[in-house]
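Take a look at these structures.
Same chain, two partners: chain A is paired with chain B first, then with chain C.
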Partner chain A sequence: MIYFADVAALTRKDLRVELRARDTLPAMLLFVLSTLVVFHFALPEGTGDDAAYGLLWVAIVFTALLGLARAWVPEQEHGVLDGLVLAPSDRSAIWLGKTLATLAFLVAAQVVALPAFVLFFAPLDATALAGVLLADIGICAVGSLMAAMAAASRSREVLLPLLVLPLAIPLIVGGVGAAISPEGGRYLLLLALYDGAFAVLSWASFEYVVTE
Partner chain B sequence: MGLALILALIVAPEDADQGISQRIFYIHVPIALTAYFCFGLGAWKALLLLWRGDERNDLESYVAIHQGTIFGALTLITGSIWARASWGVWWTWSSNQLVLFLVLFLFYCAYFMLRFSLEEGARRARSSAVYALFGVVLIPISFLAIRLADDFIHPTVFVREGPQMTGTMFATFCLSWAAVTLLAYVLYRVELAGKRLDADLRELREVLQ
Partner chain C sequence: MIRARDLEKRYGRRRVLAGVDIAVPARGFAVVTGPNGSGKTTLLRVLAGLAAPTRGILEVDADRAQLGYVGHEPLVYRELTALENLDLYGRLYRVPERRERIGMLLERFGLWEARNGRVSTYSRGMTQRLALCRALLHEPELILLDEPYSALDEEGTDLLDRELEILAGARTLVVATHDPQRLARLTTARIALA
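And now, the complex of A and B:
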């Protein structure tokens, strides 16, 4: 129970920092909307809906990367991470808190972006929405760990997409499949499997990434 | 060692009776299996590092993954040549194995980027180890995803006639597999010895200064 209290406190901290500084969410929103407008011009007239679904996933992944790149910046700037690592709580709670906060930002950005997508391009059904949610969980879980790794490196902004994109390929397959395939359930299963496997792995290995 | 490889190379073509393009099978498949093995070994050493905290495993994991990436690149090249010879194209997205190797190749290139942009030390060792562990989980999930993706990217799955192996062909295959594995092992030992020597020299220099 203390563990979950720690996680909740850490998530709350991130959300409160964001409410005050407004560094990440407006950027993500603006980015995803601009991307959708760019896609309108990138897709030639008469292209089918399938292509639009594919591009939606490009937009989602890159928006998530934008949010993840900012995820550990407050911790880095003021040495907060050292304090958190020293705090008498399980270190994986730091990862879980960050994952939940990033997930909240990503979902908030999508609350605006997905209706815009429906308005501009093509309808989304329940399976597609479930796919989006499951993929969000996966990309935030893996991404917040990778972002912590990248934050410690010399080339942090460049490194993060390189680390995350190969890992995100199954998510894109699952998401696009859920949106366009008549048997979307199989793709949702793939996404759930991905989330389960990588969330456990990230949860277990976070400690090794942040300790000196 | 060299003898085993030469033997495999010379013996293998004699058994090939499905045209010249099939001969590359004896090289391509063992290389691919060896690459998987190297990635697995790298992840196992990474797990040992995280588990027991033995610093020696860091270098071993790195060298294994380095070898795996080299063999993975060779798999892509030989697979591409095979695809050109038997399907008439240099690249095909319908070959699941090739696509998987491309994904893995990108993944492990990112591993090197990560490794070379972190400060040397225990933290780098552990971060690299964690990323290496992600790799072995990624392999089956990617394979599954690529299999599923086939359904919407290519509605008609490319059916390739599996080579029906006769006894001699199978023996040749096993022999070349053993040879490639041996080659990988020797390369692994050589690179490891070189890297260790390098580290020792650097340490010595620091002591002398």
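And now, the complex of A and C:
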């Protein structure tokens, strides 16, 4: 219970910092909406829905990357990560708190972006929406760990996509599959397995990422 | 109690600490001195567990819950207020009667009036005072202070002097400073880095 109280305190702190700084969510919203508008005009008329679902995932993945790139910025200012690492709470709580906060920002961006997608391109059924949610969880879990690794580097803007994009490929395959395949449930299972496996790996390895 | 033998820390090929021996008894007051770049900050980070030594033996009789650390950075969120920052750390350190303890520290370090202001609006001196509040919040047994007087004005310096006098003899302290004379009266051990 104490572990989850720590996670809740850390998540609440991230949401509060974002509410004040407004650095991440407005940028994610602007990016995802402008990307969808550009895709709307870029897709030739008569292109099927399948291509549009693919483009939706391009928008989702790069919006998530934008959020992840800023995820650890508040901790880098004033060296706060050292303070959190020194605290006696389980260090994986720092990762879980950051993952949940990043997930909240991504879901908030999608609350606006997905209706815009339906308006511009194609409908989204329950399976496709479940695919989006499961993929969000996966990309935030892995991405928060990778973003913590990249944050220590001077070339973090370059490093983060290099670390995250290869790991996000199964999520893109699963997300697009859930939207277009008649057997969408199998893709949801793939996404759920990915989430479970990579969440455990990220949870277990975070401590080694934040200590020298 | 801290005991270290032949401590070495390297970053890549660069050797930052070499052959450092330390013996600080429980409730001792050690001052770390040395010119810029001699490894004072690195030594305190190693003692805090923020960096692992490359070689040597290190024993620190304090776990994370018993350790208070002030580094070059204040380790507080710029977008949160002093109260919010200390409340977060108070939760993570499971400080009993958190609110009372936070109020008392803010009062003692002259930050009570500014408690609801965001840290981004603080002067460097106020931020340093907040860093000291954060480090002392959970009443640690071992206190590591890296240049704690930096950015403090005369009033802040006097406050810290008084605080260190109270803590000396009751807690184990390791203080890195360019002004060892200031702490000479309290010092029981010296660690001189070349």
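FYI, the second predicted complex is superposed on the first by the 212 of 212 C-alpha atoms of A that agree within 3 Å, B and C clash if a C-alpha of one lies under 4 Å from a C-alpha of the other, contacts with A are read in each partner's own complex, and residues count from 1 in each chain.
The rule we apply is simple: contacts are C-beta pairs under 8 Å (C-beta built on N, C-alpha and C of every residue); 3 or more make two chains touch, one makes a residue touch a chain.
Please read all numbers here as calculations on a predicted model, not as lab measurements.
Q: In the superposed arrangement, does A:S34 touch chain B (first), chain C (second), both or neither?
A: Once the two structures are laid over each other on A, A:S34 reaches no partner at all.
Q: So, does A:V17 touch the first partner chain B, the second partner chain C, both, or neither?
A: In the superposition, A:V17 contacts chain C only.
Q: Check whether A:S155 is in contact with chain B, with chain C, with both or with neither, and answer first, second, both or neither.
A: Touch partner of A:S155: chain B, not chain C.
Q: Of the two partners chain B and chain C, indicate the one touching more residues belonging to chain A.
A: More residues of chain A are touched by B.
Q: With both complexes overlaid on chain A, does A:H78 touch chain B (first), chain C (second), both or neither?
A: second
Q: Counting only touches as set out at the top, which of chain B and chain C does A:L86 meet: first, second, both, neither?
A: Once the two structures are laid over each other on A, A:L86 reaches chain C alone.
Q: Residue overlap on chain A between the chain B contact set and the chain C contact set?
A: Residues 211-212, which sit in both footprints.
Q: What residues on chain A touch chain B, complex-wise?
A: 142, 145, 149-150, 152-155, 159, 162-163, 165-167, 169-170, 173-174, 176-177, 180-181, 186-187, 190, 193-194, 197-198, 201, 205, 208-209, 211-212
Q: Over in the complex, which chain C residues touch chain A? Could you list them?
A: Within the complex, chain C touches chain A at residues 45, 48-52, 63-65, 67, 69, 71-80, 84, 88-89, 91-94, 118-119, 127, 134.
Q: Would you mind writing out the residues of chain B in touch with chain A in their complex?
A: Those residues of chain B that touch chain A are 50, 103-104, 106-107, 109-110, 113-114, 117-119, 122-123, 126-127, 129-131, 133-134, 137-138, 141-142, 144-146, 148-149, 151-152.
Q: How about chain A: which of its residues touch chain C in the complex?
A: Checking each residue of chain A against chain C gives 2, 5-6, 9-10, 13, 16-17, 20-21, 74, 77-80, 82-89, 211-212.
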